[in-house]
């Protein structure tokens, strides 16, 4: 199956089409909305399931590979903000603190993008190693600290408190916890949750992506004016830069295609949950709307629709 | 299976019994309640699933039949309010604006009644054509405009704005969108969502109908006094009139029994989501409680428990 | 399989591990949380499913056994508070009204503990009689009245009103209603809801227990200081006393091992939904935090993790 | 636009008692009231939070009612009699309304 | 800390009209507003409750806006024109703010 | 029923900072406070809405605390120091309470 077919298969899959439906509904200002409490719970379910599945697959994984991939992920998450910051400052009139905040978003990851990519990978028969879940968890936080370095010392800011709040962030704790539970219970545990965590999973992903489309679209509608072109472009070329760095590292440490494609996706994705909240605490002067709209309204759709199939195609060609 | 058996089978099916349980719980003033956010999300799920399934079945449908059925549906939705209005004014002391508002409810449709009917039809081996989903979507709005005509010009009312708000109504957008996605992805897409949209569907319908019973019952308890007998009767004979008109049209355009039964059900059902909201904007002087209690507390239970099996039995006899 | 293996199998099952994950997340003060609306709905779903399943199994149950077990349950629920009250007053400095309120919690039951026990029983091949669902429902309320007796007359309290509010309590109505629906529809009804009420059930239980762990843990963190040691110990030995009484009665009326283990579990469990609410109405002077923290933070985890496997092992040895 | 002064009664009350309170307000023939949810708080009885709770026994609602000064005294007596023995607080403030006869 | 007196406009409005109301407030160039959910209530149009509702047509939201006395008159006229024909109420009260220029 | 005048401090604050705020209030030994959810709003930092949001970073909560005039000055200073650098507003108004010693 060539790149074009891959892209097409990805485009006409229900999850992507429901995301598009959400986008369209928001742009035509429909009042369609998944209640917040349920949207949050769907993401909890998806994180639980993806974490658990990753853990189950650890039975057939090498711990040294896992350790190496986790190390690589931390490195990427820490490094990307410096690239993002440099490019933003060079190409746009974004202030230092705002640029640092945006940069932190691009170093960190989007767990939903990761889930969609794993799902697409399985559909293409390019399953990834279970430890990529641990890599995803490990890549959430480091970028935040790069962001703080780039912003420079802020008065009245307590880093100790911040570290704690980020480390025990709900999605990290759940992802790691579910991963360990899947690892501990293996196939026996898998049988218990198979119908919900495996069979129903993709249908739930459709509903969740419908909501993501609605939220991303509403963000775009609300902020349309606020984003200057150099910043919008940043949201489009940063994933490409991230994916390239991810590919390079995957090639160095010798990851398999499916696994490498996920590392590319993680590097290409930008945070819109953990980092925005952390930035409000660490860099209150940074305008939250810009970074969030860029990450959720520009980069997320780009990765979901175009990025993922391309990353898999390239990973297969280069790492296959 | 005779009409009586049909009715019985329908009566002792879990979805109907859970609806009855909800009704009883509300009438004995139990505090049982499905949280609003989840109730809304269940309806989103049911609409997504029913829309998607209809789309998948379009593979085996004739577009000209679809077009004709949609046209017929629009006609019925537009016509019924005039009948409802005339009868209400003739038999009760309901004011002009209130009568117009109630009439609009009866021209439009109840998507949950439609879903319950499709489910019952499948259970009886009388599956309907996929395009009935499009018919359902097409029948939601026309009645609103008949209602406005019947109410006469209201000062300070912007019809343009109203048209937009109704057209992009969440449930219409979702129903049509899911329908198109099912149509576009067909059997391949069906496999992705089968466990959730097909297997789990009927169980979710049970939970949702439990909530519908609770809401309908609470409405009755709250409004018991407010409804005069001629109005309550209206809520009982309008579905019969609607179903008859639906049957007549179905016979003219030659719909199959299962498909015709759904057209009867749509015509017999009354709106309690799209229309009430539109009436608050278009006819603020109309008392919302009366129309809503009538549609949700009288007509909905009547259709769900007695109407649906009868419509299917008659459709089979007349259109079979 | 010996007691130790049983305990181990129970400990490393996904439901228990997700509960533990929730506890840990709360203790390390993670912001992980299942939205309230969804947590409530999951409990509604679990109660619906467990009630329905019990009803379906009534086909193969003896009504006289059922009647006897229900009578026994009512007796236990009524008796336990007197034991709890006496021990509390003797061992701690808890005031009369507070002790009466706590005692009522221990006479009543925890439906989630019951659900987890049924699930564990099925996993061990020790399924219970369907009527245990009716026993669970019957055991919720009697303890409340023992509590009122123990507290002595309170001024300005209307018992009649209270009786009504407890009798139509949401979870009782739903449990009994779903039980009757399962009984009425039997195998035909079972087919309708099988994928949701049976297959997906255990996965949902995992999500729900994750939330229970979070709530129990947060309660402990908040109330840590408020609980004196004699009271904490009460939360640990009361389940043992309750289970023993349950075992004795089960032996007298000759219940099968799986059924008897559930009666032990019900007797050992303490309420944290129906009773706390009733106590706020009946004994407003009683401090709610203590009883709730004890029941949810001490007794619930004890039963879930250690109690259940032990009760089943003993029931098998004594009643087998 | 000409306005009249009314009283705004605000009650924070624990969930299990809410229905009794509203029944009492109905009996007192109040022109109306609105109930709003609260998510967390702290008082003499310690702190509480809705996070993931499945029981309503430990939560608060905020009810406010705009009413006429004349009616206040009686309402306040009755309401206070109920709330004081429960978990919650009662406050009163001044508000201006446009159509006085409505309240 | 030195404070200035402003007006707090509080509007209880039925959900279907909320968007029109906020659009009007945006047009009036208000410095800001906050919308809060209500779960149940009673008024001339009878009582309502969110319990298990799936339709938004029968619910209320509570919107409040802190604004300058000077702006009040005009805002009140426009808001009242909209709300009076709908289900809802409007009240005004005094509040103190720290940074006056913000409102 | 005889009442006493107290101050009602109302704070609209962005979610990520709520916990820091309540910790500060606890440290200030306030007699109590209540936190309520908001669903949408607009301010200098633009408009926001909860519709379908999964992140809490862009939402507001409304916290109010009834306290004694004597305590107000200090509390206002500390609270304002925190809120002013964040997204949110602070207002103060007068309320009457029945049992003065409680607040």
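As written, the chain order gives the labels A, B, C, D, E and F, with residue 1 at the start of each chain.
As a convention for this text, a contact is a pair of C-beta atoms (placed from the backbone, for glycine too) under 8 Å apart; a residue touches a chain by one contact, two chains touch by 3 or more.
These are the chains along with the protein names UniProt gives them: A, B, C = Sodium-dependent bicarbonate transport family permease; D, E, F = Nitrogen regulatory protein P-II.
Computed from a prediction, not measured in an experiment: that's the story for all the values here.
S.K.: Out of curiosity, which chains are bumping into both chain B and chain D?
M.R.: C, E
S.K.: Identify the chains adjacent to both chain A and chain E in the sense defined at the top.
M.R.: B, F
S.K.: B-C or A-F: which has the larger count of contacting C-beta pairs?
M.R.: Pair with the higher count of C-beta contacts: B-C.
S.K.: Take the average of all CA coordinates in chain B, do the same for chain E, and state the distance between these two points in whole angstrom.
M.R.: Here chain B and chain E have centroids separated by 34 Å.
S.K.: Could you put a whole-Å number on the gap between the CA centroids of chain A and chain C?
M.R.: Averaging C-alpha atoms per chain gives centres 40 Å apart.
S.K.: Among all residues of chain F, which ones touch two or more of the remaining chains?
M.R.: Touching at least two other chains: 36-37, 93-94.
S.K.: Residues of chain A touching 2+ other chains?
M.R.: Chain A, residues with two or more chain partners: 33-38, 40, 195, 199-200.
S.K.: Run through the chains and report each pair that touches.
M.R.: Inter-chain contacts occur between A-B, A-C, A-F, B-C, B-E, C-D, D-E, D-F, E-F.
S.K.: Mind listing the chain C positions that touch chain D in their complex?
M.R.: 33-36, 39-40, 43, 156, 211-212, 214-215, 218, 222-223, 226, 272-273, 276-281, 284-285, 287-289, 292
S.K.: Please output the residues of chain B touching chain C within their complex, sorted ascending.
M.R.: Touching chain C: residues 12-15, 17-18, 21, 24-25, 28-38, 195, 199-200, 202-204, 206-207, 210 of chain B.
S.K.: Can you check the complex and tell me which residues of chain E touch chain F?
M.R.: 1, 3, 6, 8, 22, 25-26, 30-37, 61, 66, 93-99, 102
S.K.: Which residues of chain A touch chain C once you look at their complex with the stated criterion?
M.R.: 35-38, 40-41, 44-45, 48, 52, 164-165, 168-171, 173-174, 177-178, 181, 184-185, 189, 192-197, 199-200
S.K.: What does chain E use to touch chain D in their complex?
M.R.: 10, 12, 36-44, 60, 62, 73, 76-77, 80, 84, 89-94
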